[in-house]
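Shared between the two complexes below is subunit A, which pairs with subunit B and subunit C, respectively.
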Partner chain A sequence: MVDQVQKEFRKRDLLYSGALWLLSLILPDPQLHYRREYRIRKRDLFYLSVLLLLPLIWKDVHFHHLMVLAGIHGILALGLTLFLGYAGQISLGHAAFFGIGSYTTAILTTRYAIPSFFAFWASGLAASFFAYLIGKPILKLKGYFLALATLGFGEIFLVMVRESPGLTGGVIGIFNIPFFSLAGLVFDTYLKQYYLVWGVLSGLVLFSKNLVRSRIGRAFLAVASSEDGASAVGIDVGRVKLAAFVIGASFAGLAGSLFASVMSIANPETFSLNLSVLIVMMVILGGMGNLYGPIAGAIFLTCLIDGLSRYQAYSLPIYGVILILLLIFFPDGIGTRLRVRVIYLISYWGRKKRREKVEI
Partner chain B sequence: MLLSVEGIVKHYDGVRALNHISFQVRKGTVKGLMGPNGAGKSTLFHLISGVERPDSGRICFKEKEITGLPTHEISRLGVGRTFQTLQVWGNMTVVENVLTGMHSVIRGGLLSCGLSLPWIKKREEAAMKEAKDILELLGLFGRWKWFASQLSYGEQRRLEIARALAAKPEILLLDEPAAGLTYPEAKQLADRLLRLRKAGLTLFLIEHHMGMVMGMADEVAVLNNGELLAEGPPDVVKNNPLVIEAYMVRR
Partner chain C sequence: METWSYIPQLLISGITFGAIYALVGLGFVTIARASQIINFAQGDFVMLGGMMTFFLLKGAGLSYPLAGIFAVAIVILIGFLLHLLVIYPLRKASLPILLMATLGASLFLSSTSALLFGTLPKSLPPFLGRSSFEMGGVSISPQSLFVLGATFLVLLSLYFLSHRTFLGKAMEASSTDPLGADLSGISRNLMIFLAFGVSAGVGSIAGIFITPVFYVNYYSGTLIGLKGFIAAVLGGWGKHGGAILGGFVLGVVESLSVAFIPSGYKDGVAFVILLLILHFRPKGILGSPFIDSRRW
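Entry: the complex of A and B
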């Protein structure tokens, strides 16, 4: 009898380990940010092939559009996670850099007829330039004060955009921004834009990966963990924070440029505090301190907001409840704890079955 | 003189923490700093490493004034230090802690790091090799893949020394390196530190372990209530009546 039970277990264990292996391919690593020797691995290739094939399999225009938005949010969240998750600083004004990027592209392409490819890079540069100017004084602040200062910057940016109609079109914004085009290829359908946005995102993920495992990334983590220790080995804490802020802002600028040329409109309402908080939420919900978590968070939140929009008046309460539940059950983010949680659930299920059997 | 301190004064809201302290540390020697709790030892270290500024007085390193320079610049000039309360980066592995210690040695800009250009890769590999050598020296090589937060207290203390060494200092300020260590651990640490000294490193350490200080130091200074009580070779200082009073009678 005992032998029989054990044999059955062996079969089932095989099944579990097979399932775990499959999951380990798909789900993000629970402690991804601790393993900085990583190169491009099997999992990355898996993600990449899913990204490439998904819109071809699921040929729904609405879905494509949603994924374009999610990709842009993903770039924003990726930039912020370098500042928030790695360097351990808070920013509630990230949407402003997104806006700076958008308006740079909007103004350059509509007024000066500069090709969108160059406007794209100029947007990144403009955002990082402003981040440098803003960051230099306010990054001396810490914690709540930094949060307040960045929040204030975001609001000031909005007011300046609204009150200077000559440059930014005021409350109405700028229309008819041309689609992104490169060497005669115009990104005018959602499918093309999907590949554009996710291509840029993949490139930025690779860049961030390299950065994070280099001396700069280590300095970020050191500053987040102990500033005294960091400055004792010769790390200029102020400069490292500024570097993280500027990189995060340049990513946001690039995202803003893509947003402007995809939506072909730049409007101040888009870049409000709501968006800043949403980006922070994506990073926290997705998981701080690894690079895939925030992207997972961005996809999830973008789809959630879109899915809930049909419930109209009830959408906000439902949204709130879902967020609270997720933060209770996945305190380290869905991108970080998901594998641990799923493994735990599977093994729990296995243990329970086993316990029942043995009791009989 | 590698390090010289001249007439340092430091007040904290009316409390005089340090009162006209002057002393010197010669190159290649081990200097011990002793004194009861609250004597101002750690304050002195904070002033030398630039965490705080002295109210008056001068601190010179290699004949160059470093008073009031920011911490990271002092560190880059060659003043390494460890902390009394551990400041190990628990969110990184042991070897990454040491690699981060080499931050100013490795070089490389934002873009070249992000694009992982070939020379950056080469530098990282060389740094990795060196980091492992340093870990070997401090007996942490077996733990190089662990997280710093997973190490025991004694190991974290050694990791802090390893990290400070990685920045290639000429003088190492050790703030109670043996605090919380068992007797054999402290003895082992003293052996390792003496090996470093043989390699040409100057050590300046705060320590309560009498045996350790007396065994290691070439010269000892004793602080009490912000005043320099005595200075000199360990045997002489040990028998100084003022020192005996400060350590034995008043506590």
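Entry: the complex of A and C
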């Protein structure tokens, strides 16, 4: 009797640990900061192959377009998660850096006919330059006041864009921005743009993965958990926060450049407070302090907004309600919460079987 | 100089706008004194106050005072609901989540009002006709005086509420010393609940008084709310007098800026002032009782 129970145990154990292993292949583990260096895991290869094959399997133009948008939002959310999720600071002005990147590309390619490849890097540089200028004075603020100051920066950016039509085209914006092109290859279809955007995103993920395991990445986490503690162990808190802000902004600038050359339009309405709120939501729903989460959050929210847009006037109220419900029920991110739930369910299933056996 | 002749007129309109910002700022201060939460949906209370009055006056055909009272009651109810449905479930959540939740609530309120009342801008008739009187070459509309009077009355009643009544002291205690408040038997959740009601009431009163001055749109709540918040920070975060002073300073500076820079930059002026004050004196002009606590 005992032998039989023991034997069945092992079988079940194998089963649900197998399920857990499968899960670990798909879902990222949010608590892996302590690993010092990054090695490519099976999970990353799995994501990469899905990424490569998905548009080839699902040949829907609307889906491709949606995924291009989701990839751009993913770059934005990835940049913000370094600042919000890792360094623990809040920014409601991230859309402004997106806008700076967008307008840099728009102006350089339409006025000065600079190749979009160079404009792409110039956008990242411009955004990080402005982030350095604005971050230097305001990053001494904390909490709500930092949120308000960054929000103020975003609003000032919008006013400047609207009021200088000579440079930015005013409220109308800049049209006919050429598509991204590299060595004669023009990214003019949604499929090509998909590979462009997600390729850039993969590169940035690799960069961020190494960054958060470097000295400065661990300094981000230390600053997030306690500024006093971080400065007590010799971390220059101001510099670390500024670094997180500037890196996040440069990601946003690159995303803005991609957005301008994919949509071939730069318009101030795109870079309003709503976009900043959306990016912060992506990071929160993806889970703080984890790199794949915000990208998943970006895909989820982009699809949600697209799905809601069919309800016309009702879409915004529904969107507001869904946001609040998600915040109430998944405050530490959908992925984190779901992962805990699924692991609990699987282990519960194992325990239940075991309990039944033992009772006999 | 042509521009100098406009200055007195701009000063008057600046004071009117300043009174409005002060009223909105008082709403923020009320909640901050009870819970240290910043409610980004405060501006939408203002917008809803104006919209509801318009709707009750034009749609339901009520008289002006009755419409105003009903509008304030409805907005207070919305404030209570906002606390019960959004803030209370998130009472233990971290700051970015609370921030996002109030922004989501703001989005919901503004888009719902667009759905219910339409997207066209609305304006109420002034309380005492459209005539304005001249004083020293400057035309003053009676509505401005009404706004000033309302600001003064609201300030007075809020001051009495928080300094002279037990309820006000309990509200303040639940913010400044949560543990002490718990130990002396003050229900902190009830206090925050009541603070949301009061602040919604103040916001809707502001809405009723400003809708005759300018057109209120479904999305104008966000900007008014932000400027009210800037006023409260400028004067001294968490002080009633600070919100009033900050409101007037902000209104006057913003209004005078029109004389010197293109009027399109007017909305940016408030945020430039915000960045300057946050950098050089985060405590605000009058100093703040909350600013040196760890949370900020």
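Everything below uses one rule, namely that the second predicted complex is superposed on the first by the 312 of 360 C-alpha atoms of A that agree within 3 Å, B and C clash if a C-alpha of one lies under 4 Å from a C-alpha of the other, contacts with A are read in each partner's own complex, and residues count from 1 in each chain.
As a convention for this text, a contact is a pair of C-beta atoms (placed from the backbone, for glycine too) under 8 Å apart; a residue touches a chain by one contact, two chains touch by 3 or more.
On a predicted model such as this, the values are computed, not experimentally measured, just so you know.
Enquirer: Looking at the overlay, what does A:I284 touch: subunit B (first), subunit C (second), both, or neither?
Expert: second
Enquirer: Looking at A:Y314, would you say it contacts subunit B, subunit C, both, or neither? Reply first, second, both or neither.
Expert: In the superposed model, A:Y314 contacts subunit C only, not subunit B.
Enquirer: Among the partners subunit B and subunit C, which is in contact with a greater number of residues of subunit A?
Expert: Comparing touch counts on subunit A for subunit B and subunit C gives C.
Enquirer: If we overlay the two complexes on their shared chain A, which of subunit B and subunit C does A:R111 touch? Say first, second, both or neither.
Expert: Neither partner.
Enquirer: Examine A:A224 and indicate which partner it touches, taking first as subunit B and second as subunit C; both and neither are also allowed.
Expert: After superposition on chain A, A:A224 lies in contact with subunit B alone.
Enquirer: Does the superposition put A:I235 against subunit B (first), subunit C (second), both, or neither?
Expert: A:I235 contacts subunit B only, not subunit C.
Enquirer: So in the complex, the part of subunit A that touches subunit B is made up of which residues?
Expert: Those residues of subunit A that touch subunit B are 33-34, 36, 207-208, 210-211, 214-219, 221-222, 224-226, 228-237, 243, 247, 289.
Enquirer: Can you name the residues of subunit C that touch subunit A in the complex?
Expert: 38, 85-86, 89-90, 93-97, 99-101, 103-105, 107-109, 111-112, 114-115, 222, 226, 229-230, 233, 262, 264-265, 267-268, 271-272, 274-275, 278-279, 282, 295-296
Enquirer: For subunit A, which residues are in contact with subunit C within the complex?
Expert: 84, 90, 92, 137-138, 141-145, 147-149, 151-153, 155-156, 159-160, 162-163, 273-274, 277, 280-281, 284, 313-314, 316-317, 319-321, 323-324, 327-328, 331
Enquirer: Mind listing the subunit B positions that touch subunit A in their complex?
Expert: 49, 51, 70-73, 75-76, 80-83, 87-93, 96, 99-104, 106, 108, 110, 113-116, 120, 124, 147, 160, 163-164, 166-167
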